[in-house]
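Read through the structures below before going on.
Two complexes follow with chain A in common, the first pairing it with chain B and the second with chain C.
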Partner chain A sequence: MTKVVILNRNDEICASIVKHTGAEHRRLANKVMEEALQQAGLSFDEISYVIATGYGRITVPFADRQITELTCHARGVSHYAPNVGLAIDVGGQDAKGLKMNCGKLLDFVMSDKCAAGTGRFLELIAASLNLKLDDLGKLSLKSTSKASISSTCTVFARQEVVSRISEGVPLEDILAGIHDAIASRVARMVERLKIEPDVVFTGGVAKNIGVVKSLETKLGCKVLVPEEPLLSGAIGAALLGKEITLKALAQGKPVQKGRRSLNESTLF
Partner chain B sequence: MIELLKLCGFSEQEIESELPRVGKAFNKLGITVEDIERGKQRLTKYYDVELKGVRKALRLIVRELVDALLVRDEGMKKVIYGFMAPGFDLLSSALVTKSRDVCSIHHSWAFQIVVGCIFGKIEPILEEAERKWLKAGMVAHCANLKTLVGPIVLGLYPKPDLLVTTGFLCETSPKTVDLFHELYDIPVWYVDACQDRTCGEYPEPSNRVASSTAKSLERLAERIQEVVGFEITNDMLLEVQDAKGKLNEAFGRIRGLVESSTPLPLSPAHENIWMCLNVLALSIDGITEATEAVDTLYEELQERVAKGLGVVEKEAPRVLATLPMGQTDPRLEYLACEVGIAIVATDRNLEVSIKETSEDPYMKFGIGMQLGAMHMPPAMRIPLLIEGCKKLNIDGVLDRFHVGCRAVAGDALLIENAINKELGIPVLLLEWENFDPRVYKHEEYKRRLEIFKTMMIVNRQS
Partner chain C sequence: MAWFMGIDIGSGTSKGVITKDGKLEVYHILASGVNYRMASLKLREELLAKAGLGVEDIARMVTTGHGAGIIPFSNRHVADVHCCARGINCIFPSIRMVIDVQGQSSQVIRVDEKGHVTGFAVSEACASGSGCFIEVIANVLQVKLEDIGPLSLYAKNPVTFTTGCAVFGESEAISRVAEGVPKEDILAGVHKALAGKISTLIDRVGLKKPCAISGGGGLDVGLIKKLEELEIQLLVPPQPQIVNALGAALIAGE
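Showing the complex of A and B:
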């Protein structure tokens, strides 16, 4: 997913966009930026600073600076919960654990070798069960006896789901089992960071209440989810952009900006 | 081929005389025209081949490999092979200095650099070993062993008259050598001495360990004498140790320059070339040539430093890495430079400094063997790392985690915890294997290194 956040001087969100990322990052970046500007009622020249983050950050031609996604996530999460020690971000591509102190990233773990335990896994399961992604969480809460999904591989877990269906296991129990499998994987991954309450959960998967509940059970503590968990990295990027601008102004230095143009340029 | 040899420091005259031999050796390895082209590209991309010192060093490595591959064709009478066998290089150098009828190959160092780092073609060798008994997968046998098994079972390296190993650094090496004896009827020998010291002896070397190591190495010398039919005298060994001492001093000058200069004047990918030069079975003349190569490079690097030139930007975070550099693949070290991280040293170079030594060459080795961080248990390796970080003004530790190595895999998490606790600098725990290029995942490593760099910069500023 590609996200844009425009913040005003009071750190309030003026505009936010979330769009599916296609093959042409550059074209999409321009498009979502234009949309966000329209939503905020601003012109591009009125934007003080633009930070690009995430996988596609180097293909945002109009960004003033690129910053790694974990730094932005850490900043975004600490804006939401300033004293948080651990943040978990599970998106479509990967799962990450961030150990932080007052927004400063101290350590991290990542699962970016395998689709198991990511949003992509849930997307595939939803498609297999002919369900909407947004419905999985609520449906799983109706479970009375969660099914056991033992496989840690997306492909084999999908086969396991098909087997459970043919065995007549209720759908909600299967979903509860899937959420439990994801939560187990994520909890094991972040174990090395030494879990301390509170834990903030972000990324698309944090919208799934079933995974949130399972994660709370596995971690043994309350899991906080921001109102819009997909935007924490983008919010963090915007906050860092604001800090860079203010620091330069305070020092009486010009704000270093990149080549500012929203003209469409294609990669392919 | 000629251009490739020039990049590896061969003179035109030498190319003329050596070309048929090199061609024959490369044919044995299955090196194609495409491989040569790739080799040239990799040499110019990953190594500073414009530096004469680097070319001179590469020449010695290529030459050793060619000699080893052609040993039976050229009628060498005796072939001795040592693997994971510190101390064997000492005896080997004495052997090849004394006799032209003996070929002594130490480890697969030259093979790993030429076939792996230069040609990028080590995978079929590793796969061959996996088809034998070093299965791939969850068991995760170390690919270092595979670079011993692959070349011998494929018939690239000759079946040796004696295969030597130790359990000093690798417990699975003796098991592999056992299988060579069982399956291929190769005579084998184990240098065996307990490296464990009594608690409280660290960091001082233990006389008990030094004596047992010396005794075991002496027994190896006696066994080798039976094979080659001539005596290895203490004088011969002392002469080798003296030459190697000069080579080590030259390495020390390079290390000192690299560690103290900003920007970093040379990519860390070169580190494995120095390690290889240090342990190749070179004759005294060969060791002198190696020393000249290192001295030449030192002068060239001094010029670079004086001009303020480097391979990363001046303010790049300074990193200490655990484990030696990639021995069959320079891409991780290259990527670190590309991301803007200066790996200034590895813990292979950290050692306890002591004045104590011996006039006996075997005892001298037995003492020296106990000083390096890689030969230490975590209780000593970790304090050495912490001390190294302080001394070198390190911003972060690249804690490489070799899953398939029982000797060091357990240390990685202990290192991370200790560095965090004692120094509070970022530590990047990276799953890796310094002998297997198949573990290299560009995107995954790049993301982690970029985040690591940001963490170090933020930490430095705060």
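Showing the complex of A and C:
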């Protein structure tokens, strides 16, 4: 997913966009930016600073600066919950745990070697059950006895789901088992960081209430989810952009800007 | 005179044999489907029909494999490593190591001259270490299972997968197809990746020659070729899928 956030000087969101990145993300960044500008009713020149983050951050030709997703994410999460002790982000192809204190990133763990424990797991299960990704969470809450599903491998879990269905296990129990499997995997990943509240959960998977509930049980504490859990990184990037601008202005220096061009990225 | 039955319920296919006097009498293979219980009943029926026997003629029956736990009519359930060792020893008495490539795992087993297990290593519960990885990729490439091996032999530049995960590997295969990489190079890449995983299992137990391959992986000439490129010469049973079921029947007879 590609996300754009425009913040005003009071840190209020003027525009936010979430779009499928697709295969040609370098063609997309400028389009979503134009869309966001339209939503905010601004022209590109009115934007003081643009920061690009995430896996595809180098393919944003109009950014003034690139900053890693960990830094942006930490900033975005601590803006939402200033006392955050552990930030968990589970996206489509990786899962991260950030240990934080007073808004500072102290340590992190990451898992991108295996699809189990990422949003990809849920996507595949939803597809094989012919369900919408957004419906999984709500459906699973009806479960009275969750099915046991392997948490170690997405491919095997998918086969298990098929067997459970043929055994007549109710759909909601299967989904509860799926959510439990992904939550165990995430809980095991962040174990090393010594869990301290507040725990904040973001990324696409945080939109699934079933996973959130299951994660709360596994971690033994409340899990906070921002209203728009996909935007934390982009909000963090915008906040960092504002800080860079204000710092430069306070020092009386010109703001260092990139060679901005609101065009498609080219590689050469 | 006594007949014994061995049944191996795998994640993909179920295999059964009937032995008489320690020798293979008949065998049958069918798809496990999603209901292992049904598969086992059907398999028993087919085997008895092929051998011209009734249920009462079978002195003992041993089950093994992924779905063996739920078979209603078994006398005993034996772990697949033991069945594999016993089965390969009957087919090739000289074999001291067997690589069993199944749908949900791969295992490397050291065997003594009596067909007993003297050491083994099993892959993690992950599709990338099992035959399933090949199936997943063949599926996105729309290559039929029986064509995988022969087609892969045409590979000129086998791809190197950057991921160890079958699901991410699937996306990677799709990207390679989009870039115009031939199917055979992608298939050979999967064989290379799986052979690499198997070779780490071999390192764990220590290579013992001569070696054989069993399980569905034994039907894949592409995988065998990649293992042989790693200096692992392999004997292939005429019907590699039934080795464990044969072992189960032999154990039933002992």
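Operating definition for what follows: the second predicted complex is superposed on the first by the 263 of 268 C-alpha atoms of A that agree within 3 Å, B and C clash if a C-alpha of one lies under 4 Å from a C-alpha of the other, contacts with A are read in each partner's own complex, and residues count from 1 in each chain.
Simple rule for what comes next: a contact is a pair of C-beta atoms (placed from the backbone, for glycine too) under 8 Å apart; a residue touches a chain by one contact, two chains touch by 3 or more.
Remember, predicted model here, so these are calculated numbers, not experimental data.
By the touch criterion stated above, A:S43 is placed in contact with neither chain B nor chain C. With both structures placed on the common chain, the touch criterion links A:M110 to chain B but leaves chain C unconnected. Touch criterion met: A:S150 reaches chain C, while chain B stays clear of it. By the touch criterion defined above, A:T71 lies against chain B but remains apart from chain C after alignment on the C-alpha atoms of chain A. Once the two complexes are laid over each other on the shared chain, residue contacts for A:Q159 go to chain C alone; chain B is not touched.
Annotation for chain A, partner touching more residues between chain B and chain C: C.
Once chain A of one complex is fitted onto chain A of the other, the partner contacts of A:Q251 are absent, as it touches neither chain B nor chain C.
In the superposition on chain A, the residues of chain A contacting both chain B and chain C are 113.
Partner chain A is touched in their complex by these residues of chain B: 413, 420, 426-427, 441, 443-444, 447-448, 450-451, 454-455, 458, 462. The part of chain C that touches chain A in the complex is made up of residues 11, 34-36, 104, 124-127, 132-133, 136, 163-168, 178. Those residues of chain A that touch chain C in the shared complex are 23, 93, 113-115, 120-121, 124, 150, 152-156, 159, 162-163, 165-166. The touching residues of chain A, when paired with chain B in their complex, are 67-68, 70-71, 104-108, 110, 112-113, 192.
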